[in-house]
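Both complexes below contain chain A, partnered by chain B and then by chain C.
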Partner chain A sequence: MIPFDYRRPDDIGTAVATVTGNPRAAFLGGGTNLVDHMKLGVAEPELLVDVTGLTSRDIERLPDGGLRVGAGVRNSDLAADPLVRERFPVLAQALLSGASGQLRNLATTGGNLLQRTRCVYFQDVTTPCNKREPGQGCSALEGYHRHHAVLGASRQCVAVHPSDLAVALAALDAVVRVQGPGGERTIPAETLHRLPGEHPERDTVLEHGELITAVDLPGLPFGPRSRYRKARDRASFAFALVSVAAALDVAGGLVRDVRIAFGGLAHKPWRARLAEDALRGRPAAPDEFRAAAEAELADAQPLRDNGFKVPMARNMLVSVLTELSAEDGAA
Partner chain B sequence: MTRTVDGEHLVGQPIDRIDGPAKTTGGARFSAEHAYPGLTHAALVPATVSRGRITAIDTAAAAAVPGVITVLTHGNAPKLNPPKRPTPANLSTLVSGTQVNYLNTDEVHWDGQPVAVVVAETSHAAREAAALVHVSYERLPAVVDFAAEEPNAVAQKGNPVMPGSAKKGDADAALAVAPVTVDARYTTPQHHHNALEPHATTAVWQGDELTVHDSTQSITWLRKHLALRFGVPEAKVRVLAPFVGGGFGGKGFAWPGTIIAVLAARATGRPVRLLLTREDVHRAVGARTPSAQRVALGADTGGRLTALVHTSVTRTSRVGGQPEQVTAPAQHLYDATNIRTAQSQTTLDWMPNTSMRAPGDAIGSFALESAIDELAGELGIDPVELRMRNEPERNPIDGKRFSHRMLREAYALGARRFGWENRSPEPRSTRDGRWLVGMGVATAYHPAMQFTANVTVRLAADGTVTVRCGFQEMGMGNATVQAQIAADALGVPFEAVRVEYGDSALPASVMAGGSMQTSTVAGSVLAACGKLTRRLSTLARRTGMQGRTPTEILTAARVPFIDAAVGSDTRLGALAGQARMLAKVVRDQRTWAKAACGAHFCEVRVDADTGEVRVSRWTAAFDVGRVINRKTAFSQLRGGIVMGIGMALFEEALVDRRTGRIMNPSLSGYHVPVHADVPPIDIACLDEPDPTMPLGILGVGEVGITGVAAAIANAIHHATGSRIRDLPITPDKLVT
Partner chain C sequence: MRLNVTVNGEPKQADDVWEGESLLYVLRERLGLPGSKNACEQGECGSCTVYLDGVPVCSCLVAAGQAEGHDVRTVEGLADGDTLDPVQQSFVDAGAVQCGFCTPGLVVAAHDLLHRVPDPSDEEIREALAGNLCRCTGYEKILDAVRNAAATS
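Up next is the complex of A and B:
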């Protein structure tokens, strides 16, 4: 670890200006990812600007039945919030499936979204990695890539985004509120993260110095009928091999509306628009769910050792939607 | 908490461990927790190539970090005697983890070999500086791909303790004509011990006297080894390890951290503490070898085995390592008419392999016990019944007598407790929602050994007893157990006994390994107590105090205390002891087949969507001879099963086939079971003493892990119909 400065500015404007003005400055949330990377030599900021006291730690109601979650809200607080649990169970479930109790107590909403890939080569500075050092090459292509992407990858990088929270937010049409040097802007959660393309070093569309201040969850009448399911290598404390976030609205046996996002398949939470479109207006039945899943996954391009993700994602989606439709029928 | 009741035997009772309060209150000092005036902190710099030569080391940036005292490399480190070639004639040579003369050579032999050490005033400065040491290498061609090297494996030359191969009849011919056969390949990856306490050393030189606090399983051998490497008489070296936070074999040998800490203390003239990081533990300590195995079974239609072939390929390193008895279980478990076992090894540019809980047996039992289950499926015979039909009367490979064998009884007991009769024989026949449910069974087996330990016991006129023996306590409960044994033998209360251990200044003992420490030390404690009892009765007769308490007898005789010693710590005495010990081991092995064994029963649930496996129920019934302390013994057995669950489902070092570098050297990347992965574990022991062992003890440290992975793989097959022969059984191997 290299020496660094630490600051806690009094207001957001100063925080944004400080980081914008210094290419080697970084915002600090709970530090559960950034500090690990500093220890590993993966990140070497010379200045940490602690924003945990600046961004809101509150969850507010929005007029449309939605919620505004401050970027400083801890993962454990967000998961435990009664309104979140009632209106967006998928979100609470996603959070609780991630990391450990101790980590969730520290991790912030903003920091969680911007955590970086768990690709083992990315985390080891002695191995080539385009995400860490563009142009070095991608060690995972021919190396360990069991956890890696089957959708939307490039030859430059086949990493996946590890956040469970981000998958639920993508499904829920959440909107990320960002404060930059030029003022505020909003970004749909679904487009916050990018595909690697020729620039795997860029995880998101954020510019250096842009601060996440809050995440808006628009009201979703069928939000209560939502669910998160995560497949992983052990029962707890493991990142997703594949995860599914889904919300389903069934009327008269037909799918009125549906939201689906996958985790563990791509460099970003994978909003399954093809599957959603295929399902709207169709019978809420397992074979329909299966056909929709297959349509979404048709373009998958597995690597040597991660082909299992395709049937796994398909099975999980069919199962989750089947369970949700049963729940819906009962209601 | 159990209290002593007069007249009641302590042996067998679930007595709380003596060191429990010290550990739970934080009072126990582990090896990295000793404060010395002027203490310094060290951090290792690991090589990042698998084979090569160091062409330059730039230490300027590291040396400039405030607080750094020195950066030692092969350019400036004090001379160190190279390790001697390992030979059974000098056991201290065997404990060298590798043949590398650390910081005395420019050669690199594995990715992770320490090539420099930073010594600083604080651990933070040391680590920061270590990251700034820049090493340049000339890379040499390295052989690092175990799978690719498998065809080049060389047949193992055997020795009396571990024959490389064994044969009875003509198994291959019998296999060719057997009406029912199974012939399959099984593979297991490299496993790391990952004890809770990372390896740590605090080293202090005072003149030519060396004191080392080290997290070792082997104080006696480590002391000898340090004397050898640093060219000082053994009497000048003291190794202390009263508390060790788990070892599992990973702390049996002298790994680079220990040697380099002592070297750094010598170079700086100050006390040095070196606490390995979790990454260091993966890179600078040996691990369990990966394996590729073949098991071929032939049987008649009634399920009688006519042919059993078990062969294995494991790996060693160009700079050390050892074969493992992967195929040993096949020589003892089944009454096959024809048997052939053979082991071979590859030699890689890797960190040498080392012992890990039930070396050989843990991974060998996975293959053998999976294959037996496969055969049961082929035959349509219940897997427990198949085992019973092939349960031998004598040791299958050579006809030796069993000192004691109660595997039938263990199966009967386990099956009853588990409810095995409720299992439907058909695979994939039980479903609970999206979960496929299956039951599996496998045999546990681990050889029992007894070596010799030197012990002194003092019985004082105030009624107290002091047992002194340089054994090690890594959490198994040995100190507690030896106190129970001594108290019973001398007829004093448990609380009257003090046990001194974990210090090389005490009478020399064996290493904690091979599940032999408890029986070995018990043998000597009993012998010493026997001497004391005889002395006491002589004194009683002389003073007319027959039938009175020790205190009364000694007081009447005006003797403040009496001592008894077993074994000798003089050089000649030690050599004679070692010779006696080897002779006894060999003699014992010629006469008896001796082992702890047991039956694992488990239930698993496999998610039909994802292939995720949850172990939902476990019963294990063991024959481990006499159980001295139900609490500590059961914890050992249960811990072995938990570790076996990790081996079955999660654990795997990701060694990059191109570079030989471990890519998951952390507990977030190397998965061990978390609480949610561990079901309630029901343990039962037959508690029948082995007639040839002290107090009838067969050892409990390792038998628990053997067979576990097979029981799980068998249950998974029963649940899903899929047979997975490659560990760990991760969801990708099951999802369809």
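Up next is the complex of A and C:
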């Protein structure tokens, strides 16, 4: 690990100005990803600006039935919040499916969204990686890529985004609130992360110096009928092979509305709008769910060793929607 | 900086602390509390688990500056004088220790679990200890120890 400076400014404006003014500065939240990357040499900031005492740790009610989650809210506190569990169970389930207790107690809402891929080549500084060092090449294309992307990848990068929280937020139409050198702005969670294209070194649309201050969850009347499912190589403390976040509204046996996002398939949480469009107004039945999943996954381009993800994602979506359609309250 | 932190109920100070060093380093090298172990240093193994403001965290990932003014409880703070905490005694009785490197972290994690869930299912025990790696025991004796501690406390 290279030497670095550490500062704890008194307010968010100073923190943003400090990071903005130094291209090699980084915000420090719970440290559960940045600090281990510094130890591995994957990240080499020369200045850490600690924002854990600055960003809100509160979960506030919004007038539309939604919630505003401060960026400093710890993953464990967010997962345990009674309003979150009641209104958006998919969010609590997603959080509890990730990491370990010790890490969830440290990890923040903002930091979780900005965690970086667990591609083994990205994390190993002795191997080429376009995300870590643009122009080096991608070791995963012909290497170990069981965990990698089947949708939206490029020849430059086939990594997947590891956050479970981000998948639930994409499905829930969450909005990320950001403060930067130019003031405040909002970004739909679905578009916070980007596809790799020719610039895999950029995970998100955030500019250097921009700080996530909160995440808004808009009210969703059928939010209580939502769930998160995740397939992984061991029962706990592992990243997703495939995950699904879904919420379903059924009336008279028909799908009135639906929200779907996949994790583990792409460089960003994959909002399944094709599947959603295919399902609205259709019978809430497994063959319909299957057809919708196949429509969403039609453009999948698996690598040599991750073709299993396509049927896994399809079957997982069918299973989750079938269970949601059978929940109490289904008309 | 001069670091002020409450450790096992007592206000402590350490001088000439670099804010960027880990809380684990402060505990072990500056405050003479070597119970918390330094293994992976990446939050993977749980050997460094301590309570920070009442919840277990990997102290290898917490910057000293982030602990300023906060409350820390380490494995050394679980026993009541010479009387071991029931979780510690159960680890001894069950033979849940081989090399011992993972033991302090597992004891803190199990202690936290039983505080939250006094009578956990096996599934709950496994999930609660998922962040603590043991490379010797195969975990069976550790599960026995947690079950026994739940039954006796």
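Here is the rule we go by: the second predicted complex is superposed on the first by the 327 of 331 C-alpha atoms of A that agree within 3 Å, B and C clash if a C-alpha of one lies under 4 Å from a C-alpha of the other, contacts with A are read in each partner's own complex, and residues count from 1 in each chain.
In the analysis below, a residue touches a chain if its C-beta (ideal position, glycine included) is under 8 Å from a C-beta of that chain, and two chains touch if they have at least 3 such contacts.
On a predicted model such as this, the values are computed, not experimentally measured, just so you know.
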Check: Regarding the shared-chain residue A:4, is it in contact with chain B (first), chain C (second), both, or neither?
Finding: second
Check: Counting only touches as set out at the top, which of chain B and chain C does A:105 meet: first, second, both, neither?
Finding: second
Next item on the list: Between chain B and chain C, pick out the one touching the greater number of residues of chain A.
Entry: B
Note to self: Between chain B and chain C, whom does A:52 touch in the aligned arrangement: first, second, both, or neither?
What the structure shows: second
Item checked: Contacts of A:76 with chain B and chain C, given as first, second, both or neither -> second
Notebook entry, point to check: First (chain B), second (chain C), both or neither: which does A:235 touch?
Noted result: both
Item checked: Which superposed partner A:126 touches (first chain B, second chain C, both, neither) -> first
Next item on the list: Would you sort A:30 into first (chain B), second (chain C), both or neither based on which partner it touches?
Entry: second
Next item on the list: Name the residues of chain A shared by its contacts with chain B and its contacts with chain C.
Entry: 235-237
Note to self: Which residues of chain A touch chain C once you look at their complex with the stated criterion?
What the structure shows: 4-6, 8, 28, 30-32, 35-36, 39-40, 48, 50, 52, 76, 99-103, 105-106, 235-237
Next item on the list: State the interface residues of chain B toward chain A in the complex, per the touch definition above.
Entry: 48, 124, 127-128, 131, 434, 607-612, 614, 649-650, 654, 656-659, 661, 663-664, 668-669, 671, 673-677, 730-733, 735-736
Item checked: Complex contacts: residues of chain A adjacent to chain B -> 1-3, 41, 118, 120-121, 123-124, 126-127, 139, 142-144, 146, 231-238, 241-242, 305-306, 308, 311-312, 315-316, 318-319
Notebook entry, point to check: Taking the complex as given, what residues does chain C use to touch chain A?
Noted result: 18-20, 41-44, 46, 49, 52, 55-58, 60-63, 65-66, 109, 112, 126-128, 130-132
